[in-house]
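The two complexes that follow have subunit A in common; it is paired with subunit B in the first and with subunit C in the second.
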Partner chain A sequence: MKELSLNILDVAENSVKAGATLTQIIITEQDNLLTIEIVDDGCGMSEEVVRSVVDPFYTTRTTRKVGMGIPLLKLACEQTEGELSISSITQENDPVNHGTHVTATFHTDHIDFTPLGDVSASILTLIQGHPDTDFLFMHKKNGRVVKLDTRELREVLEDVPLNSYDVMEWIGEYLREQYEALS
Partner chain B sequence: MKVNDLLAHGFKALCLTDGDREIDGVYVGDLLSWVMGRAQMDNAWITIMSNVNVVAVASLADTSCVILAEGVALPEDVRETAEAKDVNILGSDDPIYETAVKLAALLN
Partner chain C sequence: MKSLAELQAIKSRMKDKVVLRDGMEGIRVVVGMATCGIAAGARPVLNAFVEGVNKEGLEDKVSVTQTGCIGICQYEPVVEVFEAGKEKTTYVKMNPEKAQEVIEKHLKGGQVIGEYTIGAISA
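Presenting the complex of A and B:
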């Protein structure tokens, strides 16, 4: 993918599909290292499934025989001499603290580094498509942070759906203002 | 023109499981997610990428063969996957552009 933000969207969609009630997307930029973490409290995966999701010929979808989301993200990491790791706890193993944690690291000074792209657009797409699940988004850079927590919004908005037009507009503007302060 | 026919024109067989496949058109690209949505069935796909994801993309797009240009080597584990998934992979010592030009001449 031409932007990492699309990979983020792809992995977070998997979290929602895994039944996550909260999906955390945390981007950290420190010197030349960029880390993307996607942490969910979904049903989790067995060790065998974790091994197989990095295999491009594995998919949970039935329409095709290969799933490319995680393999392409892993490739994007490794092209910059970074790495991708996945840890997961299944609901069966731990009924309370289950879920999946994907960590992708990139060296931003490598010539093959894929630009991060429009992360705000990815976050908006996620909320638009899944207004009933929660997302915590943080982008940390130079000691500052861009943050959006849909649980906080939900408390204020009460019964107003998160994907209603006005709320989406507001979230877009809220993220844009924070990004302006970040740069 | 069949994949097998390329062997007489300086292309090397790196993994040939179905040499009778017909080649219809050529696609060139290295960004795999991009290629995945654009390469057409039966295209010969020219690239310099040689990891296992190439085999998956070739399989998804149902290309007739992958051509590794610039003399790029095919790692043994990738060759094994290609063999298991019935994906033809040829090699060319020419740069990408020259490889594409050569193919264009052969296909016309």
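Presenting the complex of A and C:
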């Protein structure tokens, strides 16, 4: 992956596929440490599955027998001497508080750090493809935060789909303005 | 700054449009958005279709959606075009420029671009 934002898009797609009603994407930049967290309330994974998703030869898809999503994210953070961790609670174990929490840390001053890239484009892509699930996006940097909560937008929009072009344009502009204030 | 009040205005404007969309028998553009597609550049391809379809005023006729791995990862980004009563078209190794051409020639003009399809590659 050329940008970490593409890894974010890829891993968040797994959350949606796991039946998440809310997927949180939280990026935190503090000094030379960048943390990406993807937290969902989907069906969760057993301990055995959590161990195996870091293995490129494990996948849930049926078209072929390898899954590269998590291994690629793991590679991207470990090549900066960062870490990847996954914790998960299955729906059977806890019918209320189930879901998966992926945390990846990166050392931004490492020569092998992959640039974050266009995070807004990934958020827009997620909303475009999954207008009926909710996303909470936060990018914290230098004590400021860029934030988008589709639940708030949905309240205003009611039955107008979040992936209507005009709404998507609004979201893009909304994020762009916040990023301008951040830099 | 963008405000939720603006979103309210969009909502009022969109209300009628949503009704129009129902029951239309249109063209469906499906972009593969699994790990393989994303890594190969599917995100800007999807974006080009979403923007281009709207810019050309095709939004009532063409829907742009995403799917997972189609199974031909070596040809990603892959875009499938479904039209009622016609055979599915599978475009391979797409990029935003080719997407623009597909919008012009295929979605607007009804002409499949043979050289971008999977048939051209496997032949």
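As a convention for this text, the second predicted complex is superposed on the first by the 183 of 183 C-alpha atoms of A that agree within 3 Å, B and C clash if a C-alpha of one lies under 4 Å from a C-alpha of the other, contacts with A are read in each partner's own complex, and residues count from 1 in each chain.
Methods note: contacts are C-beta pairs under 8 Å (C-beta built on N, C-alpha and C of every residue); 3 or more make two chains touch, one makes a residue touch a chain.
Note that the coordinates shown come from a computational prediction; the quantities given were computed from them, not determined experimentally.
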| item | value |
| --- | --- |
| Clash or fit, subunit B versus subunit C on superposed subunit A | fit |
| First (subunit B), second (subunit C), both or neither touched by A:V167 | second |
| Contacts of A:D31 with subunit B and subunit C, given as first, second, both or neither | neither |
| First (subunit B), second (subunit C), both or neither touched by A:L72 | both |
| Partner chain(s) touched by A:E48 [first = subunit B, second = subunit C, both, neither] | neither |
| First (subunit B), second (subunit C), both or neither touched by A:E180 | neither |
| Which of subunit B and subunit C A:F57 touches, first, second, both or neither | first |
| Dominant contact partner of subunit A by residue count, subunit C or subunit B | C |
| Vertex subunit A; arms to subunit B and subunit C (CA centroids, nearest 10 degrees) | 80 |
| Subunit B versus subunit C as contact partner of A:M1, first or second or both or neither | both |
| Superposition-derived minimum Cα distance between subunit C and subunit B (Å) | 5 |
| Subunit B and subunit C footprints on subunit A, overlapping residues | 1, 64, 68, 72 |
| Subunit A residues touching subunit C - in the complex, by the definition given at the top | 1, 6, 9-10, 13, 17, 61, 63-64, 67-69, 72, 121-122, 124-125, 128-129, 152-153, 156-161, 164-168, 170, 173-174, 177 |
| Residues of subunit A defined as touching subunit B within the complex | 1-2, 55-57, 64-66, 68, 71-72, 75 |
| Contact footprint of subunit A on subunit B as seen in their complex | 31-34, 36, 51-53, 55-57, 59-60, 81, 85 |
| Touching residues on subunit C, where the partner in the complex is subunit A | 1-2, 4, 6-8, 10-11, 13-15, 17-18, 33-36, 38-39, 43-44, 46-47, 50, 54, 59, 64-66, 68-71, 73 |
